[in-house]
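In the two complexes that follow, chain A is the common piece, with chain B as its partner first and chain C second.
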Partner chain A sequence: MIPLALVTKNLGKHKLRFVLTVLSLSVAIFLLCVLRSLVVALNAGVADAAANRIIVQSKVSLFVQLPQSYGPRLALVEGVEALARWNWFGGYYQDPANFFAQFATDPEELFDVYPEIQVVEGSKADFLANRKACLLGVDTAAKYGIRVGDTMPIIGALYPTADGSAWDFTVAGLYESKRKSVDQNTLFFHYEYLEKSLESGFASGPGGVGIFVLKVAPGFDPVEVMSEVDALYENGPQAVQATSESEFQAQFVSMVGNVPLLVSSIGGGVMLAILLATLNTMLMSAREQTRDIGVLKALGFTDGSVSGVLFLQALVLAGCGGLLGMILATASAPGIAAAIGSMFPGYQVTRGTLLEAAGATALIGVLAGIAPAVRARAMTVIDALRAVR
Partner chain B sequence: MALVPLSYNLRSLAVRWSATLLTVFGIGATVAVLAGVLALQQGFQTLFTESGRDDVIVFLRQGATNEGDSVFSLERSQILVKSLQEAATLADGTPLVAAEMYLAVRRFKRDGGETNVPIRGVTPRSFDIYGATVRVVEGRRLAQGVDEVIVGRKLVERIRDCRVGETLTLNTTPFKVVGIFDHDGPFASEIWGDRDRIAEALERPVLNRVVAILQPGTDLAGLKERLDADPQVPSKVLTEREYLTSQTAALSFVLRGLGFFLAVVMGTAAVFTATNTMLAALASRTYEIGILLALGYRPHAIFLSFLFEAFVLGIAGGAVGILLALPLNGVDTGAMNFQTFTEVAFAFRVTPEVLVTAAVFALILGLVGGTWPALRAAAMRPTEAMRRT
Partner chain C sequence: MGANPMIRLRGVTKSYTRGGEALVVLDRLDLEMEQGGFYALMGPSGSGKTTLLNLIGGLDHADEGQIWIEDEDIARMDGPELAAWRAEKVGFVFQGFNLIPVLTAQENVELPLLLTPLSRRERHEHARLALELVGLDDRRGHRPSQLSGGQEQRVAIARALVTDPRLILADEPTGDLDRKSADDVLGLLQRLNRDFDKTILMVTHDPEAAQKARAIVHMEKGGTLGRIEPLEAVRP
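Up next, the complex of A and B:
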């Protein structure tokens, strides 16, 4: 039997040390949660991809456009229910540092293929009707304080206008996305507007379409549709690569480089530092409790319960720090998401992340508790009572 | 003013060796993580800035921030090339000007996954301009007008189909790999081919940048001004060094931001650990402090003595951190250049800047952690301190 009151009494004996150790632990666990959440955010698009969508892109390069004429042909492929064009615009708002994605697309096609895009402010009809209108993600709108009806000037870095002025889009509506497959940062505008502007000489830049997104009709196998699409343009003029939406998203994650390795290296360093700190505190407490150990043993407490007192102290210490760290990570998530949302859309601290953090906390507690516990178990009454502080 | 002998502190650190070691390694792990992230940033940055030459001039489309965005039609690039009367010439009078094509192409890594590899369409003048900085280390240089490529050394083992003798297919055209070349900068992560053959294979009749070497004594500022306002082909004029430096901005910003964030968060935890250790040291030496005060040492001498002890903890922690980070120097890694969305291979560089930052950081951790315990030590009264055991 372990005298539980002793566990809390001993921890409370040095309040300052307890508080400092708990704070260090919470900061470390908070950091682990943030790092892990970045990786989760990076992979969110992959995890939440729609199974019935196929992305058709150039086999050669992300930066090569496909001819417009591919669209009508792709629509004829058996099993294709609808199709949407996406064309990367690559502009920025006021300053190149204000980065978020803009795509030229056909609005009707977009709503057909992406039911998760829901207009929450303004009107869908206005967006459809007005050729110079745009639909803006709620996160970007909030970040720059943009409201429905505002004009959003975008400098076309990839599509510069002839006179160097900005493209002016009227914000017809704001959208929310019901799935992580589409983020809430994007600006969508009419493909037709882009096309006409290039034709009239208002602006210059690459023609064609970046990607075609195919919606597969129920009952058809996406894999078969993909191989049919690939075969269609095998001999050019532009070879295509059809992939599932999740593969397409995974491709971007792979391109960003080895972020998981970077994050786990940093996480390893954090774990080591905090383990040493906790162990330090535990060893200091244990040394101070040496006499207590002797007294307890003399009173007849078993070796197990005496070492249990120390072991439990480590667990409680780690538990307090870990819990506080997890609370910090959860509470700070909306703020962090707002700050880095354009690079890591969908940043959030998931239950899986919290479980991993709890695991790390338990590991630290156990490792920091073992040494003092073993020492207490092995100590004889005489040695313990004789110890000088 | 009489100072407490430094050996007193060193001995006391040695007596409490377990707490000393744990604190030193805790600070060390924190410092090593910071140094690692900074070494990553330095490696990336030096690759770009140190390989850039001041005598090679880069011309981009007005408003473009990188080669990928910069697009010149064939006609415009011809006008630009012809207008460069300032260009230096070869012995036979050929101007040292090359209009190059650049595209990030989709390639597969040997260990799985996709990445974007830059392909550069070059002319014989490109080799004249880059001169000895581009060295063919295996096979031979590519011939003009033939479907051949040479591959940067850093790609050979990472990307499929890049060994000499292998065939690399671009769109639908096979290109033979005839050589491997090396370069101290980002070229070593590129594939080079004959410009016109590559443009045809990719169905991409545009060029992306012009490079030139100018006659000695050319007024670069004047040239910048002239081309900036050029009515036919407005262009941005940069030295190669300026261009390459501008390419590192985004990733450097991200890595420095990450480093700063980690330093603050992990630093907080490390400071708390140092404080804990010093407080424990203080608690067990109250009696000794009383004696020191009774011997006539002034409170500020006691303060400095304890601060010195924390300072030693910081220095030792910094040394451990640097020793942990040093083996990273020269380790190859890769990261995304966010400007062109391509992957660049480079090595970690533990530069003097990294070492100084790490050392200063460690010292600050020690001193901040030691200040409060030192103040407490200095505030003691001799009688009180000697009475407390």
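Up next, the complex of A and C:
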């Protein structure tokens, strides 16, 4: 029989101390949720990758361009149903801080290879027909307030124009993506436009193609197609490396560094700090309740229920902080997604993340409650009653 | 002494080790106290009065000997058995009141009833009656810090009697009180003894307080018991 009134009333006795501890707990749990959600966002592309797509890149590095002539040859490999070129444009809109990706691609093939890309505003036909048109992700459009029909000036950092002016793209349509394999931030435009601009001297920059994306026809084994592609250029002129889409995405994530490890270390540090703070609060509070422990035991409460009074205080304390932190993380998710969506597309606080946060909260509560509970259990009535208040 | 002892100690020894040296506080002590008695336990500081009271109340373990309370030898009980025994059979009143500071008077008195099968409403009602008995039913919602020392001790007495134990142990219950409050508390203890047939053992340094009891037990330095001095007949 644990006198529950003692749990809540002792927590409420020092209101400021309680509030401060709950606030720091909630900040820590909030941070944990955010960090975890960043990792989830980073890995979303890996998790949602298509099994029937193959990425072909230079064996040397992702940043080494492949000759354009590879395209028609790759299309002939048995089992390749369609192919799209992706070429990193590396420009920016108005300010270098406004980061989102732009790719020069083959519009018709793009829709073929990526059925998840769906035009939701404007028209696909306009995008296909107009050489200077572009297709923009709805998230980027929303962020900068861009609408169909607008002209979008992009400064070509990697492909500067001869007179230093911006590239002007007409927004023909906005797309949504039905899978996490493609984010909703990207600007796609015609590869042909880039090619012609380089030829005419309007702009300069690296020629060739960044990657080829192959769509494997039904019934064909992507692994076989990959080894055939690898074999094709084994002896030059430039060796290639074919990877599955999920492998490619994973490699992309690890390029940013070992983010999950980094995030776990930061998260672990935050958890340790907040555990010590909570433990400190609990030990202080338990010391003040030493005489009460003696009184309860004298009245006939068992060692177990007396230590339960203290243990539950730690659980309730941690629970309040954890719950508040999880509410904060959930409530702020749309705002955070809007702010950093271009870096971490698909940022969201998932159920899994909330479960992990709940687990961390429970762990903190248990660890902060054990020491006071054990002390209360072990203390004799006589010793506890002698304690000065 | 009569044939109906409430408390019977046989060869009770208790020692403490301090700095490697054993200090024998009680040495093979024998003692009997009648049911329905009101005893004042007096003696010099350090003579072992609190130690004796704690042993009789099952708050501490004797090194040797038997401690019979009514028909049970509590010296043989283990921790959980003793806890259950205390909850049912004894009420404690301490010098420092020892109320729980975050609880109201009503809640403090209800606390020991949590260990009984009483319903919530019954607990509330019993505690209310106990507070009424000590004259504090108008202070039920007050916390200890909002009460005077005398009122705090009366709440503590209400808490000690609310489970209706046959034995009440009080360690210097008036030690921290002024004369007037002390007399109120002593009057209450007398009433509990007379009207409710509680056996009371009270440690006190105050000769005036001791005169309110029905017998005085003198304890010598070194834990030997002197005579029991009857102040009036135990049973009228």
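Throughout what follows, the second predicted complex is superposed on the first by the 389 of 389 C-alpha atoms of A that agree within 3 Å, B and C clash if a C-alpha of one lies under 4 Å from a C-alpha of the other, contacts with A are read in each partner's own complex, and residues count from 1 in each chain.
Here, a residue touches a chain if its C-beta (ideal position, glycine included) is under 8 Å from a C-beta of that chain, and two chains touch if they have at least 3 such contacts.
These figures come from a predicted structure and were not determined experimentally.
J.: For A:64, is the partner it touches chain B (first), chain C (second), both, or none of the two (neither)?
T.: It touches chain B, and chain C stays clear.
J.: Who wins on chain A residues touched, chain B or chain C?
T.: Partner touching more chain A residues in the overlay: B.
J.: State whether A:298 touches chain B only (first), chain C only (second), both chains, or neither.
T.: second
J.: With both complexes superposed on chain A, which partner does A:31 reach: first (chain B), second (chain C), both or neither?
T.: In the superposition, A:31 contacts chain B only.
J.: Just chain B (first), just chain C (second), both, or neither: which does A:123 touch?
T.: In the superposed model, A:123 contacts neither chain B nor chain C.
J.: Applying the touch criterion given at the start, work out whether A:94 contacts chain B, chain C, both or neither, answering first, second, both or neither.
T.: In the superposed model, A:94 contacts neither chain B nor chain C.
J.: Touch check for A:272: first (chain B), second (chain C), both, or neither?
T.: A:272 contacts chain B only, not chain C.
J.: Once chain A of both complexes is superposed, is A:23 in touch with chain B (first), chain C (second), both, or neither?
T.: Touch partner of A:23: chain B, not chain C.
J.: Quick check on the superposed pair: does A:227 touch chain B, chain C, both, or neither? Answer first, second, both or neither.
T.: neither
J.: Counting only touches as set out at the top, which of chain B and chain C does A:151 meet: first, second, both, neither?
T.: After superposing on A, A:151 lies clear of both chain B and chain C.
J.: Do any residues of chain A touch both chain B and chain C, and if so, which are they?
T.: Of chain A, residues 389 contact chain B in one complex and chain C in the other.
J.: What part of chain C is in contact with chain A in the complex they form?
T.: Checking each residue of chain C against chain A gives 54, 57, 59-60, 79-80, 83-88, 92, 94, 96, 98-103, 107, 111-112, 114-115, 159.
J.: Which residues of chain A touch chain C once you look at their complex with the stated criterion?
T.: Residues in contact with chain C: 1, 3, 5-6, 9-10, 12-13, 291-292, 294-303, 380-382, 385, 389.
J.: Would you tell me which residues of chain B are touching chain A in their complex?
T.: Of all residues in chain B, those touching chain A are 18-19, 22-23, 25-27, 29-30, 32-33, 36-37, 40, 61-65, 68-69, 71, 103-106, 109, 113-116, 170-172, 202-204, 254, 262, 265-266, 268-270, 272-273, 275-277, 279-280, 284, 333-336, 341, 343.
J.: Under the stated contact criterion, what part of chain A meets chain B in this complex?
T.: 16-17, 20-21, 23-25, 27-28, 30-31, 58-64, 90, 96, 155, 157-158, 160, 164, 205-206, 234-239, 241, 251, 254-258, 262, 265-266, 269-270, 272-274, 276-277, 279-281, 283-284, 343, 389
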